[in-house]
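Would you mind keeping the following structure in view while I ask a few things?
When the chains are written out, they are named A, B, C and D in that same order, and each has its own residue count from 1.
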Amino acid sequence: MARMKFLCDIERCIDCKGCVIACKEGNGVPVGINRRRVITINQGKPGEKSISIACMHCSDAPCIAVCPVNAIYQRDDGIVLVNKDVCIGCGYCFMACPFGVPQFPKGDTFGKRGVMDKCTFCAGGPAPNFSEKERRLYGQNRIAEGKVPLCAAMCSTKALLAGDGDKIARIFQERVARRGSGAAAPGWSTAYK
Amino acid sequence: MASRKIFKTSGHSQTDRPSSTKFTLNPKLARRSFMKIAAATAALAGMSVGPKVVRNLRAEERKEAYPGSKIVRTVCTHCAVGCGVKAEVQNGVWVRQEVASDHPISRGGHCCKGAGAIDMVTSEKRLTSPMKRVNGKWQKISWQQALDEVCSKLMEIRDKDGPDAVHWNGSAKVSNEMAYLQRKLAAFWGTNNIDHQARI
Amino acid sequence: MAGVANTWGYGAMTNSMNDIRHSKLIFMIGSNAAEAHPVAMQHILYAKETNNAPLIVIDPRFTKLAAKATDYVRIRPGTDTAFVMGLVNEIVTNGWHDKDFIRKRVAGFPEMCEIAKHYTPEVVEDITGIPASEVKRIAKLLATHRPGTVIWCMGATQHSIGSSNTRALCILQLVLGNMGVSGGGTNIFRGHDNVQGATDMCVLSHSLPAYYGIKDGSWKHWCRVWDVDYEWMKSRFHSKEYMNKKGFTLARWYQGVIQEDKISQYTPIKAVVFWGCASNSQSQYHKLKKALDKLDLVVIIDPFPTMTAAACEKDNVYLLPSSSQYETQGSVTSSSRQIQWRFKVVDPVHDSKDDYWIMDEMVKRFGFHDKFYKNIKKIPEDITRELCKGSLTIGYNGALPERIKKHTLHWETFDVDTLQAKGGPCDGEYYGLPWPCWTETHPGTPILYDISKPVAKGGLPFRARFGTEHTYWDGRKENLLAAPGVYNPGSEVKGGYPEFKDIVPGTNWKTDLSQKTIKVAISKGMAPFGNARARCVCWNFPDQVPIHREPLHSPRPDLIAKYPTYPDKKDQYRVYTKFKSEQKPDLVKKYPYILITGRMVEHMGGGAETRSNKYLAELAPNMYAEISTRLANDLGIRDGEMIWIESPEQGRVKVMAKVTDRVDDKTIFMPFHFGGMFMGRDLSKNYPEGTRPYCIGEPANIVTNYGYDIITQIQGTKEGLCQVSKA
Amino acid sequence: MKPKFRAVGMQAAVALFLLTAGSFVAYAEMLLRKFGSISTVQAFKEFGVISPQWHKYAGEFIAFTHKIGSWYLPVLVGVPLLFLLHYLVIGPKSFSHKGQPIPFYGAFTRFLHWAVAILFSTVVVTGLMVLYAKALGGGSLILTARTLHLLCGYGFAVVAIPLFLIWLKDMLPAPYDIKWLFMAGGYLSKDVKEVPAGKFNLGQKMWFWLAFAGGAVMVYTGYYISSLSLQPEILTGYLKIHLILGLFIVALFITHLYMSLFAIKGSLSSMISGYKWEDEVRVLHSRMLKKS
């Protein structure tokens, strides 16, 4: 069975933030919430590298482990989703996640948080496929349409790959072989086994 | 690798929390979507390394997100690379931006500006009607009034000070046809005082 | 583009984005493609990975592109010519130049070498600040990796010697023999989405569409296309003199209002129309604002209220909401000369109207509607047909609307490596019919000046544009036509030949509206414009061979005496333009830091569109100035603090300091996309209600300095001086 | 008979101690066994995406979140049972309320006390609801509870300050408190015997300090837990403090409820009327009258 994964090739990522906006526009994410971010190290110096980060949909996801209400669950294809009807916004997942992925929209009273929002791998959520509710709460369900997540599809330099783990690993390995450098895909040893 | 052991407990607890109760998709249905994504991944692979792998999807398999929508091919309006944009339009409304992964130049790629192309139409900051400034305040006017006033004032200046008293700043953001009309307009107006962003 | 066009014929990108995939070396100077053309990076990085191609980046600033470079060289702004001529000299001295190519297809080579000799690595080090060893190393890299492509953008052109910079880069490629081959060429990445198309349509004060200069012959040509009487056209102008006199440019039009520099036009400018053009992209913006407040009428036609709407503070301004380009349709020409059809996505939203409608309504009121729209019934296709009919010089004539649409609708059939369609309705054609597309069946020209293909299949020699013979200053006479043996496959003439004319008596290939001349040429396997040599010496330019001249506002007073700028130009595009009299050696004492501007990936141009996008505004909400860690510490400035930046022209902006090592210790960098503030003053209330962009900031162009290119009058925004102080 | 009961009480106390505090040791051991061999997380470290300490705190934190609910159970069930036992065996203290009524709490103090009481009770109840969200089904009910928890928490932080200042002087530890401790405040015998205490006895003082100083810690950590504005490793630490301290606060909260509502008859009315009767004061707050 296919196992969905993200892979960001840091030799290719140019910090254009196309993935960030693709995600936001496509899924109607409110301002202030970043399902995907681009992080740069050594800015302005030799060795400057950028990486695009979203939920990695870990094999053995710590967020699922800590969720006190079982709002977070993993599909058989490895996509980790949150049920916003059940989530209580406690923030445990944020504390457990190695990538700082879970996001909480600011509520109106005393900095009260709303329920957790994160990358859905463009797979919508537990609401019925393509329903208005799904679109409003989770965004598009491109996986059900047989399409690649927006961020990876719109990546300007094809640095960000998404899809079946074996396949994208092979694409990446081919690139690495061509480049002749043995750079590892960041995050993979943490997120996947 | 030792890191495999990180979440032994959580792994255990995961089986405690059956993902198969109320949230898991119908496994059958879910499996079908994997097959689609697997094919889609192959398409992605194709566009990044080798010849394109065409994704075959049986028509009856597709359940549409926006029923009855159609795809309009167009071109991004930001830089001169000329990335393709596929706009999904339903009932005359641009509902979402699709990925032009078969475009020969961009292969579906977009920078942040292009990825937000839809915002050009949906932005809340768009001007909603012609306006003129009266006593320092903006006032909404009709197109009829706006064009009448602008054109009569321009003609007045042309008659009084000559055609070269008007300077036209055209645009590198309009179509070839419009750019051509802009240059033609200046010629018919009777001046060479026309220019645009590309002064080189 | 003037420099490029005067070297070999056309002023455009010679190859294509996709063709960079075949390059063995990528030499980028004054370009930050990672921010300005991110999708082009797809092909650049592909070449870097697949061909193991060195990616050489020359920039005063360690840009996001430099982060991806294999070799990064920091250069002092405004010294590109010295560096490139240094490379040329190093290549020639070591005998690495392509002798065969130069012998057959290049003119003026010995004369050029004579001048390039001055730029030894040591001299280059003194001028540019690049170590002599680096110059040698880069030259070696260029020589050992062929074909290599040279890419540049506004970083190379926005200088008082911008035309020299571009020509020096062309000479570099000629010397290396990288022209007319896949993977080589000069790839000039252009800025706006249709800047190539708008340039081709010559929304320019010195040309008629398709680069027909404003001379009698050109006017007559276009009058024939438009089907109007030449005499009537002449009557529209103030006089014949003004009909053939270059007009004001975007860079300097405001001098026609405020007249700080003397203008040579019978009347000052009283009204200005901004049709899809933001004013905050013009240097010395504080002076432009003075002009806005002095004008009788300002008309802004734009989907968003630009900075111009906020900067006009008098009751002289009208805002006409045009629709965005997604709400109308037409063809657009990308940087790679490819024409695509931009289909209409939705009808104009709100009460906005598309540009064609506005044009129609205005022309109606101007009283020449019948003449203006004589051949145009169906909009926009008939306009395309009309412009194709007249644009023979650049071969738009084959790019008919049906063909363009067909390409766009079948873009999936084109190969990513060659851009040629394999099968399908466009079989064999190149994507977007890259001009010149000579006939209705021509496949387009993917690589300019490529003599390996027949002309009918997209090949071309260098254009014969500058006569057939020239005598240089040293008395040497040279035949400017290509050497025998240089021709496209299938050519009847096996060598150089001049342009085609008098096939239809009294016309040449550019003015023969029946297009018979072009067809005859193609059928003979020859290029309509002849087969000549590319020029290293350009005798119609003030500097026949590019030489270094210090920027007007130079941080090196000692070099001003050695490399002085040009004498003042009295009537450059109707305005007195200072060169020599503006170059003051002691200016650097008061304004010690170099000021450069550039792009951010999140914003575009004047930023009216992108700053009105809530997501983009969220990503890049603040105007800032980059300042090096050392300089910041010396001045006691901390990251995020507000600072004042002041120009020698008394423009000043209050911006946030961004302490970073991207810039060196003498340089300040600012992005130019912001607007909505003016010299510390917030103009938010000047926007119509509810249309203030999500983020506003000081326009960087308030502090960009005086200085314009000698040929094109492009503003020199990448070589100014400034003073920095804590706010 | 009396010593026997005392012994039973002691045993119960020891049992409670073992159940609450002693379980720490057991769980700590278990954690060590389970997470002792976590490898370092190399990837993303250089990007600062993963906090370098992630591998140190994450496993522990996951285990903690699994167990914390069960740590509260003994307190929520055990403590009330213990007091039920006390009530049945030793019974409440009652006084005939003879002699002078002594003004004990001013009107403002009483108002503050009840304000704090309402807020505090809500915080405790909603806090427990969040803790046992799973049993309650999660969703909007718990979201509302969380909002109340936050609102009342901040409300408590405001209202508690004047009350804290009013009572601070009488709540300072005194030497005779040790004696009070040794006789367990007299609660383990049926005798009415003078206990050494000022205006407030040691039990009350303990509650005071736990509720106010502990409350301050709870508000402080709670603020960051709700705003998530710190590094995750610090946040997990704060969460642990919040929940473990909460455990003790809940325990003493129940004690306070028992004492005021059941163990000492009339205690409730004194907080309503503001007066205590002389005979009660002589026994339970003996030092207060001696001083004055």
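Following the convention adopted for this analysis, a contact is a pair of C-beta atoms (placed from the backbone, for glycine too) under 8 Å apart; a residue touches a chain by one contact, two chains touch by 3 or more.
These numbers come from a predicted model, not from an experiment.
Student: Along the graph of touching chains, what's the shortest path length in steps from chain B to chain C?
Tutor: The distance in steps between these two chains is 1.
Student: When you average C-alpha coordinates per chain, which one falls nearest the overall C-alpha average? Tell me, please.
Tutor: Chain closest to the assembly's C-alpha mean: B.
Student: Once you count every C-beta pair in contact for both, which comes out on top, A-D or A-B?
Tutor: It is A-B, judged by the count of C-beta pairs in contact.
Student: Taking each chain's centre as the mean of its CA atoms, how far is chain B from chain D in angstrom?
Tutor: 58
Student: Counting in whole Å, what is the centre-to-centre distance of chain A and chain C, each centre being its mean C-alpha position?
Tutor: Spacing between the chain centres: roughly 39 Å.
Student: Report the inter-centroid distance (CA atoms only) between chain A and chain B in whole Å.
Tutor: 23
Student: Could you check chain D for residues that touch two or more other chains and list them?
Tutor: 41, 58, 62, 66
Student: Could you say which residues in chain B touch two or more other chains, in rising order?
Tutor: In chain B, residues 1, 3, 6-7, 9-10, 13, 47, 106-107, 109-114, 116, 119 touch at least two other chains, as defined above.
Student: At which residue positions does chain A touch at least two other chains?
Tutor: Residues 16-18, 20-21, 24-25, 49, 62, 65-66, 70, 156-158, 175, 189-190 of chain A touch two or more partner chains.
Student: What does chain A use to touch chain D in their complex?
Tutor: 39, 41, 49, 51, 53, 62, 65-66, 68-71, 85-92, 94-100, 104, 107, 109-113, 115, 184-190
Student: In the complex formed with chain A, which residues of chain B make contact?
Tutor: 1, 3-4, 6-7, 9-11, 13-14, 17, 19, 22-25, 27, 30-31, 33-45, 47-49, 55, 57, 61-65, 96-97, 99, 101, 106-116, 118-119
Student: Any idea which chain C residues touch chain A in the complex?
Tutor: 34-35, 38-39, 41-42, 45, 49-50, 52, 62, 64-68, 72, 601-602, 614-616, 618-619, 660-663
Student: In the complex of these two chains, what residues of chain D are touching chain A?
Tutor: Those residues of chain D that touch chain A are 41-44, 46-51, 54, 58, 61-62, 65-66, 69, 130-131, 133-134, 137-139, 142-143, 146-147, 150-151, 154, 225-228, 232, 235-236, 239.
Student: Could you please specify the touching residues of chain A with respect to chain C in the complex?
Tutor: On the chain A side, the touching residues are 11-12, 14-18, 20-21, 24-25, 31-32, 43-46, 48-50, 156-158, 175, 178-180.
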